[in-house]
Amino acid sequence: MGQQSPLLSLEHVSKEFYGNVVLHDVCFDLKPGEILGLVGENGAGKTTLMRILFGMPVIAETGGYKGRVCIDGTEVNFGSPFDALDAGIGMVHQEFSLIPGFTTTENIVLNRESMKANFLNEVFGDRMSVLDRPDMKKRAQGAIERLGVNLDPDMLISEMPVGHKQFTEIAREINREKTRLLVLDEPTAVLTETEAEVLLKALRNLAKQGIAIIFISHRLHEVIEVADRIVVLRDGLAVKDTPVAGVSVRDIASWMVGRSIATERLDSGEKREFGEEILSVERLWVDMPGETVRNVNFSVRKGEILGFGGLAGQGKLGIPNGIMGLFPAGGKIALHGKDVPLNEPRKALEMGMAFVSEDRRGVGLLLDESLEWNIAFTAMQIQGKYLRPLIGNFFRIRDEGGMRKLTEEYIGVLDIKCTSAAQKAKELSGGNQQKVCLAKAFAVKPDLLFVSEPTRGIDVGAKKLVLDTLHKYNREYGTTIVMVSSELEELRSICDRIAIVDEGRIAGILPPHADLAEFGLLMSGEKAPAAEEPNRA
Amino acid sequence: MRNIKQFVTDFGWPRIIIFLFLFFLFLAAPFVGVKIDASLSDVLNRFGQNALFVLAMVPMIQSGCGLNFGLSLGIIAGLLGSTLSIQFGLTGFLGFFGAVALAIPFAVVIGWFYGLLLNKVKGEEMTIAMYVGFAGVMFMCIMWLVLPYDSPNMVWGYAGKGLRTTITVEGYYRQVLNDFLAVRIGKDFVFPTGMILFVAFCAFLMWLFMRTKTGTAMTAVGSNPDYARASGISVDKMRTISVILSTVLGAVGIVVFQQSYGFIQLYVSPLQMPFAAVAAILIGGASVNKASMVNVLVGAFLFQGLLTMTPSVINSALKTDISEVIRIIVSNGIIIYALTRKTKVAK
Amino acid sequence: MSGKKSLGRFFTENAVVIIFLAVTVAAIPPSGLSIQYIVQEMITRLGRNTFLVLALLLPIYAGMGLNFGMTLGAMSGQIGLILAINFNIGGVPGLVFAALVGTPISVLMGYVCGSVLNKAKGREMVTGYILAFFINGVYQFVVLYMMGSVFPIRNPAIVLSRGYGIRNTLNLENVRQSLDNLLMLRVGGFSVPVATALVIAALCVFVIWFKKTKLGQDMRAVGHDMAVAEAAGVPVDRTRIIAIIISTVLASFGQIIFLQNMGNMATYNAHDQTSFFAVAAILVGGASVKKANIPNVIIGVILLHVLYVVTPRAGQNLFGDAMIGEYFRQFIGYGVIALTLVLYAWKARASAARAREGLRGGATGNGNGAGNGALAGEGGSK
Amino acid sequence: MKTAVDPKIRARRLVVRSALVLVFVGLTALSFTLGKGHSLIIDNRDLEDGSLSAAPDGNLVSIDGKEALEIYPGDRLMEKVLGQRHVIAVEDLMGGNRIERRVTLPLNADMLLLSVPKLIAGVEPYFEPFTPLNVAPPPEEGGSGNNSFTSPDAVAPGAESPEAPPAPAP
């Protein structure tokens, strides 16, 4: 195996989005039959790298990439994912790309069905051929056998357990005769441990047959178990490319999160003192698709900034969404000792909590309305502000003047770049939209503010301003803040405590200055003895 | 200062063509022997008759329920009110406002159920609204035959029961609004002051309502239901309110229509009325999820102008009755145009 | 346990059919019509309408809902018939001629309709409905103004006296029931139009065969999940357009079969109710917006038309007013469409909610007890 | 599985498709000729130029073996036929004398005057185009259809035309 020439080699691949470098000079090779574990935090560049490999149109639309992608030593430049498929690269996505109403067989051979020609082909083209179902089944079974798993070829996808869906998807990729390289993006994320075991076995099976595999996962022990070699991406750089032998989970974790530059705390050694407990959360579960929270317990004290970190899909986003009533949730939540009714956003708001959603455009903003509306709306609806009486107090209409004053005030305070308070929210840049979302939350003068991914998708300058603003509100107005973010550095720069969420539970709570490897281990679901026990009563 | 190109894309070519077409019709009118003043008077009259139907589209569009193809349900409530008013023998202003007052409770109840239904079928509102409207009209056809009305002015003479297809409101409330403070200028021009005032009053109330806390919440629901929910608004409640409002306006609208037109039309006549109102508001510049008072007034005026001017001008000019076809193509064309524009579908 | 449960499921899944059957059966005795008469009517109407209803199947497979745009096909067929009358072509050749003329027109119309519907994904039905209105305007423009002025019409008997435009009613004497009478068998006192039945059977065979083709499979894939189909390389938009084109062409044939049985044609109104009747029939037969099959079509045509035959008489006999029955059947027709659409939208939302509950996994009420292994796949059972 | 990319297959398909277009056109033409309807006016009168006189007595005229019509001198009967080629048989009621003639009717004439005397005498052509003097047009109806959803008197969505009773009369 070792002496073969590389099947795939990436040479000095770089990519930037609008001046934002996401990949910098990434190089690695992959030989046939080799399993490469690709690890990195969210935003480290894994997704972008795979997009380049697959010729996703979004890459070309944003100015292409630098460097070379070579297959069998010749440079390729795919115009679309279909070109990549033709070149023998198969991809298994995180979310299932299967048709629920179809059987396993139909999904495996989707759009590559076996056909029998007939006369109508001459008139209306190949699509008039009749399907050769026995042959389709044979091919599907062939793929399933190659994978070495147990799948019923005639079962409907909708009736399958999740693991089988994942296998079906892999079987579909290896059903292509040409497939030589398989990319699996977090294939074990939705699987149970036993299912994951079977999957890893199947992957080794495939590798033995000469298929090269890129295995992307945050479950580091799985990576160590299955991969021959590991590439660690951090901030767009391939910081480590090493054979897996002798590497420990802890090593990988520290490579993943390690920073060359030390984090700058906004407060330099100031002594922090907090008030009484403001929020207590017990046995919280939240049914938020893709971010399920299973069992979370924590409490927040007045004046504190609590951070929630962890990898995507582990449930950290579900926590504020569940507490604010946006997704079905259960458990016991008390604010100032009073129970907060769940699943009722209005009650949560009325009790003095506010939320800046991670889904800025989907939930955070009225894109088609003016800034005035966006900022004043919640305060108007919940607290009856910015209304002026028309006929006594009985009939009140919007106080446009008041709304404008409020908006202009926040435009000044947060330095929102816009033409006027009447500009539509959709016309602003991402960073300024985020400031509008913050302004909306500040306008209700909350006791407790949830901020979810406040810096996602905005540029460096805006990031700093947003964090500074949060810091300022916390210090000057005593606003208690619960901040959820995928960027550990950000949490470390501003939070007083940082909880890491893994698989819907709090894996541990660490002080911001804790060792980076500790954070990495918690994120990877590994036991970290040093971590503070999450369930402090 | 926005540039012209942007304006054109926002507004859409179809609407500009319709504008120019109507403009051309008014220009051409004198040359083919059509009296401008009589036409204008006619346009104003029909504008008043139909404006409330167009206005009824606003709340549902704003709350994200889409175009109200089920407006016929409101019209049915209005018909119940007006027939009851005649049954009770109310005349003059009492007759008109009696009809409105009797219609509104029906409209509220029907609208409430209709709103509950539409909340259950988010994303499919328009098709379902259309067929619920149709079914409602057909159901009322049976009711008109069996309900125990007995005013001799309304029931079939020979059978003594069952309402007639067309009932005159002469002697009840015919033209009470039109004639109120009406101004006659010249031989052929009459300004139906009362009706226009009433329409303006309703439009003003709607304008005001959209500025209240509830109205604001309703607009937010239509603009982004998730945002509204995150701000503590009950999306379903706002949608139901908008449907009720739309239904009530439809009910009041048909009574206004009757007093000007002079007849109550029962049975299948409400079937196609929503389509005209939908076409009108779209011509006025509204989209499937955004509408304003300006859209209503401009749309009602343009559409009714088109309906009035096309027959008279085109038919005199070309000596054919092609206007009917133009009308069908224009009004349905604009609806298709609006439906095929890219907008997010509420789920 | 399973017996009772499956019976209950049978009732909920076929609620529309069962309600409809009950109403229809209840209306038969008061109508006073003989079974003999009703059966003969049924046979005639099956021959007349089934083809049109079958035209709805493919767009349903392709996930485009009920093709209200089928009216476009009906209009194309009518233009074929107008030309057949114009050239005085009769008999079965006349019908074939009309169909051949109607085909290219309906292919074009289908392409237009499919392209428009592709721009209105998610609201195909209401758009198709309005599009039918719109094209009706174009049809009127062509038939009422262009024919006889721009397009020469040689048969003066079908032209309005003003010199251009086709008359409101056309006598289809030359082709009247020529397909039905081609092979009319008398079976046990009933006349059965065998040739028409054969044509319908051929279409059924075609539909069944078509579902087994690659194109049919692609349509199913597109109907189930457009995004997945697109990702797998199925040309989604093109497949949807093809589904509509086939449906439109079939509708044009269907309208020709319908009109040859009727024997005359209301030039400007014959197509008004085409989609309403076809859609109501297929829904009465138990189809939904996403699911339909050939038995749905046959059952639907029979049930809907029995109701249509008996209600006016039943209304006359029960209430002394035929109009009550007349309105009642239309109410039922529209009501069934509304009800099916509502039930479907309702179910879709409910099952989406259930699917999400499935994701809830171990995170149910007493979060404490949820084990480590039960990540997903076994929740939602509380 | 073969693909449409192969130029050989593409050429073959082009041929098949163009052939199909020809078949389509041919079929249209065929149905046109097969289904072309003609009104034959079977005329048993003296010819205008006097060269032939009406067939005396009663004759039976039968077209394509269908039910025979009796025709007497001075009679004019009308029979509708489809297609171009027909066999016309004239049988003398008295004498039993039977003459069969094959005729090919011109495509573009809807009405043809078929002269029995010529037929019996075998003088071609047997027929001449016939233009009726004054065809009373059927009663005129109004203009366009009733989908004018904006007109105040909007119309019923009438059911299938023959079965639907009209809306209740005033």
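A few comments on the model shown:
Order of writing sets the labels: A, B, C and D. Residues in every chain begin at 1.
Please note the rule applied: a residue touches a chain if its C-beta (ideal position, glycine included) is under 8 Å from a C-beta of that chain, and two chains touch if they have at least 3 such contacts.
Note that this is a predicted model, so its numbers are computed, not measured.
The chain closest to the protein's centre is C, with centres computed as averages of CA atoms. When the interfaces A-B and B-C are ranked by how many C-beta pairs touch across them, B-C comes first.
Between the Cα centres of chain A and chain B there is a gap of 48 Å.
Between chain B and chain C, the centres computed from C-alpha atoms are 31 Å apart. Each chain gets a centre from the mean of its Cα atoms; for chain B and chain D, those two points are 52 Å apart. Per-chain Cα centroids separate chain A from chain C by 45 Å.
Under the contact definition stated at the top, the residues of chain C that touch 2 or more other chains are 133, 136, 140, 144, 323, 330.
Contact of a single residue of chain D with at least two other chains is seen at positions 143-144, 147, 149, 157, 168.
Contacts with at least two other chains are made by residues 162, 267, 275, 324-325, 327-328 of chain B. For chain C in complex with chain B, the touching residues are 65, 116, 119-120, 122-123, 125-127, 129-131, 133-134, 136-138, 140-141, 144-145, 319, 321, 323-324, 327-328, 330-331, 333-335, 337-338, 341-342, 344-346, 349. The touching residues of chain D, counted against chain C in their complex, run 24, 27-28, 30-32, 34-38, 80, 82-83, 110, 135, 137-138, 140-147, 149, 157-165, 168. Taken together, the chain B residues at the contact with chain A in this complex read 208, 211-213, 216-217, 219-220, 223-224, 226-227, 229-234, 290. Listed in rising order, the residues of chain B touching chain C in the complex are 69, 117, 120-124, 126-128, 130-132, 134-135, 138-139, 141-142, 145-146, 162, 267, 275, 320, 322, 324-329, 332-333, 335-336, 339-340, 342, 345.
Against chain D, the residues of chain C that register as touching in their complex are 84, 87-94, 96-97, 100-101, 103, 133, 136, 140, 144, 155-157, 160-161, 165, 167-169, 174, 262, 264, 266-270, 272-273, 276-277, 308-309, 312, 322-323, 326, 329-330.
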